[in-house]
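Next come two complexes built around chain A: one with chain B, the other with chain C.
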Partner chain A sequence: MSENEKAFIQIREISKHFGDVIAVNKVDLDIKKGELFSILGASGSGKTTLLRMMAGLEIPTEGKIFIDGVDMTNVPPYKRPVNIMFQNYALFPHMTVFDNIAYGLKKDGIAKDVIDEKVNKMLALVKLSDYGKRRPNQLSGGQSQRVALARSLIKEPKVLLLDEPLAALDKKLRQSTQFELIDIQEELGVTFVIVTHDQEEAMTLSDRIAVMEEGEFVQIGTPNSIYEHPNSKFVADFIGNINMFDAKVTSSNEQELALACKALGGEIIIQNPGQTIHSTELSVALRPEKVIIDKQQPSDEDHYYVKGVVEDFGYFGNLSIFRVRTSSGDIVQVSKQNRVRIEDTITWEDEVYLSWEQESLIVLDN
Partner chain B sequence: MNQRSTFIFTMLCFGFAFLYIPIVLVIIYSFNDSKLVTVWGGWSIRWYMELFSNENILNAALLSFRIAAITATAATIFGTMAGLILARLREFRGRMLFTGMIASPLVMPEVITGLSLLLLFVSLQNFIGWPSQRGMNTITIAHITFSMAYVAVIIQSRLTEVNESLEEAAMDLGAKPARVIWDITLPIILPAMISGWLLAFTLSLDDLVISSFVSGPGATTLPMLIFSKVRLGVSPDINALATILILMVTVGVCIAAWIINRQKESKAIS
Partner chain C sequence: MSGLLINVDNSFRERLWKNLIIAIPYFWLLLFFLAPFLIVLKISLADPIIAQPPFTPLFQDNDDGSMSIYTTFDNYLFLFQDSLYLVTYLSSVKLAFISTVLALFIGYPIAYGIARSPQPTRNILLLLVVIPFWISFLLRVYAWMGILKTKGLLNGFLLWIGIIDQPLELLYTDTAVYIGMIYSYLPFMILPLYANLEKLDIRLLEAASDLGARRWEVFKDVTLPLSMPGIIAGCCLMFIPAIGEYVIPTLLGGADTLMIGRVLFDEFFLNRDWPVASAVAIVLVLLLVLPIVYFQKRQNQELWSES
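This part shows the complex of A and B:
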């Protein structure tokens, strides 16, 4: 029970059915106080439904939600210590920015001078002090986003729910806003629950990520553990780029796993696989940035390597991405940091050697 | 290309001519000095003077405007309520029935609406003694029943454009559902309510058939009066009356168009 006491938001066996469609299927989740938690999934994975159930906008078909130890399952949204920031911001078009932000305080019957003070402070926090008298239709996308954030934070909620908070912003703005969000979260210490389909956004923003698929969690963990130790082919493929190859188990014991993998040049030994393998067919995955590409044959005996021909390549300035066809006929994607300004560049049709460290390989059970 | 645009221009002229020459003629002939409607006898405002001294016409006009104002207000209230339910309550028992019943006055022939309302009022009078006599009250009730359907449709279509997350956001910020309607929904649909009011007003002002069915002694609306006068032969003062009505309708349409335009502009900015 001690672990349960620590969790600030506890979701137990929660489900939501819309007619015959099961949007969320018996989900359990614990979120700690002050955490920046992301729920990551493709559209239709049930992530927004889960968020709306936390806000009280959707009533669960079954299961319970506790926030700060109190059962919130059937509490209406206007009585929850939770606020939500909508994807489209949902700013009230007939009110000024000031009135939008003040709305929640007015509903609580707070004195006018206190409201004025709080709203002005909040406007300063989101760097919109001069915009109080404007209407929502006179704001840019980034400004609207900050007004929506201010409005949802003004009541000092215990939990702030954010539905795709950055999806409507352009790329440059998204990056700066990401860090602003983190700063504000750190300053106020509010627990953030973010729903997003953008894995980059989830990775940079969150303390922990839950990957959702078809109404269930596939994996929950820190960005690092989800990226480096995906527990399934789905997660490995969903987060970042990855090369995946079929392999057969030739021998397996606790210390060593021997695999036959045609694409990676034959036999592969994996020390301390960390998991017991039951099947004989499995997949070996390798991130593109963990492959070293070189025209010279690697001298290091410990490195695994295969020979191949560059089939395609793209130059992105900071890095280059290669698609290499190996001697076995498989395609391996490789990304390479362009650390040296002037070098003997690798280009189309070049013969190259691909090498990697044994620890870089991820074994995924089918 | 040029040939085609000439053709379109000609069609446009013909179209406008077809629509507006009769109306322009009515306006011109309302200033006709002659007693015969079809013979031009020089300019005068004699028929306007006669119109304003004719108590029957003035009373009928006053009655029509009173009925139209009450109808428009009541129809806007009920129609807005119905529109809110249609647009915002997704599932409830009898939704299909409710939707059908709201829409039915739009397609029902007026004669049938009028007749059924007459039967209703007569049997009500037999059973509960009210309405003791048909007149302004019964006409107003009849007008509300059919014009609120139009308002409901206007409100519903406006509300489907309004993102529901606005109302959810207000609720999330601590407003109870009734408060949300007052604070958020109504201000946003206000322009639609105004155009609904104007539409209900003109529908009521225009109506002849239903009014004729449910009217009683002493309650003669303007269209009823005009119709009965015309049956005895067209007299020139009808032209003057028509001109005044045209002027008022034009002003009403302009106001409605201005409201809708302003709404569109503010949408374009956002």
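This part shows the complex of A and C:
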């Protein structure tokens, strides 16, 4: 890593214990300046505790946090160049929208006319210019979210921490707000650290994602690398839908890995597995959208295929999801884009052929 | 068609039940608050006489068989002519006000501490606040006499550790009344404050701290304004009974501790002047009710102006 690319937030060996419970266990993390970084995990994975330690609301049991090269580990929250947007927003109910946003500036002793100017500019940025005099209880969920965002951005923090920023919004609003968040982040160039349990949210928002489980990071990478190259069964299962089958190694060398997988029709050869295999019992994973479903037997030699019967299917308009029982008795989930408006549809009890490209298979150590 | 009829019937029944349920507290207030108040008001408008009951009736039979209504404002005028009453009212307000303010300063940290303690401890602490109620109020005030008297527990202790070399004159002074009042009414201050502070969202405090507020600023900007309803409720619950308190000033206070409760007692039982005593009571009620009505109105106005 070159000097100007040096990590903006450096987390070193950080742990947090609550009594006997280890919420965060010796975590290391580097986040770059201006990055939109997500920490993704189920509830109880320690992601919020990690975020609260960055904000200074929780003191680490051990380890260090550096922000912009300065040791922040024991600096109280009111002295950190960091602001947090809380889950459910934590707006001050006894203050107007304007006063909520102005609060951080007032605490810094900034002149009133400067505050007025900055707050009005911020209100315009979050498209709430006419709402300054309202109280939080007179706002909709989406408006509250934007006030909370404005309040946490007004002090121009070096880092903005967002705790489940979109969880309280309904689905439609969540999608539009996602892109608003990205726009604002790009406009201000602030480093965003987002904590979320929603993998879709993490995928669309982030430059990089860290998947967290039981107080530790399981995988850190771009949304694409985490989706297409999960490093464990946990990550593969946690992000998106996936079919997973047991397989046995029959032979392996640098270039080729031969597997016996009953569910996928017997012998499978994986070229350049790109990972060293330690055990003989493996899992082979396959994303539903990478399986081609057809009533005709595929002719292409490159494709592996198995035969099966459609056991269940769901029509979602843009795509259909099938559950196919293969001749080996395993269930394979398949999703199919409905690209053609009128076609010979596949339905219950149809005999089908499932095929996939060899590169689509993900080999996972057990 | 029949469905519609049933609906109408149901909504009528629902309304009936609703009205009935609302009527119960109104009936209660009518029976136990408004009716006695009107009786006292009636007596305050009569003249004292030596008879049973010792005041002139509201409706008087005239010699010619007709009836007339007799009222007089003499008792109220008398209250304003004799400075004793005015001084006593002011002294009562002062005593109740200072006790309430002191109890607020003592009760707030206690309530805050209880609200912030872990759940099992919290229940024990709350129990400790309420436990004194299990012993008769009168007994507890008598116990304070034992503690505060010249050769009492407190003086004995202070002499023993050597802070003082002469016993303090505590009993039968205003100080003793303050101690008694604060001791007796502190739970009424703590409980509403606790109920309010317990609901306070910790994340609001964290948000303030995150935005640059130091600990005392967090308290001043967030905790204090949000606990205002609890403060007002606690102060009302303490101030209202304190202003009319009779037992504490009688047992712990000196001869010069003027409180309206004692005047009321003296007028009723020593002077047997029921009309003046009633007038004293009515003025006291007005003294208490008018500020509360004013407060409520202002609060409502604030609510309306917001929305």
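By our rule, the second predicted complex is superposed on the first by the 361 of 366 C-alpha atoms of A that agree within 3 Å, B and C clash if a C-alpha of one lies under 4 Å from a C-alpha of the other, contacts with A are read in each partner's own complex, and residues count from 1 in each chain.
Going forward, contacts are C-beta pairs under 8 Å (C-beta built on N, C-alpha and C of every residue); 3 or more make two chains touch, one makes a residue touch a chain.
Nothing here was measured: the structure is a model prediction, and the numbers come from that model.
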* To do: Superpose on chain A as described above, then tell me if chain B and chain C fit or clash.
  => clash
* Asked: Touch check for A:174: first (chain B), second (chain C), both, or neither?
  -> neither
* To do: Give one of first, second, both or neither to describe whether A:78 is in contact with chain B, with chain C, with both, or with none.
  => both
* After lining up the shared chain so the two structures overlap, which partner does A:16 touch, if you call chain B first and chain C second: first, second, both or neither? -> neither
* To do: Considering only touches as defined above, state whether A:208 meets chain B (first), chain C (second), both or neither.
  => neither
* Asked: Just chain B (first), just chain C (second), both, or neither: which does A:136 touch?
  -> first
* To do: Examine A:146 and indicate which partner it touches, taking first as chain B and second as chain C; both and neither are also allowed.
  => neither
* Structure fact -> After superposition on chain A, the stretch of chain C among 6-14, 42-50 or 60-68 that runs into chain B is 42-50
* Structure fact -> Overlap of chain B and chain C contacts on chain A, residues 55-57, 76-78, 82-84, 86, 88, 90, 92-94, 103-104, 107-108, 138, 151-152, 155
* Of chain C, residues touching chain A in the complex -> 201, 203-204, 206-214, 217, 221-222, 225-226, 306-307
* Spell out the residues on chain A that touch chain C in their complex, using ranges where they run on. => 55-57, 76-78, 82-84, 86, 88, 90-94, 103-104, 107-108, 135, 138, 151-152, 155
* Asked: Where on chain A does chain B make contact in their complex?
  -> 55-57, 76-78, 80, 82-84, 86-88, 90, 92-94, 103-104, 107-108, 136-138, 151-152, 155
* Asked: Which of the residues in chain B come into contact with chain A in the complex?
  -> 163, 165-166, 168-176, 179, 183-184, 187-188, 266, 269-270
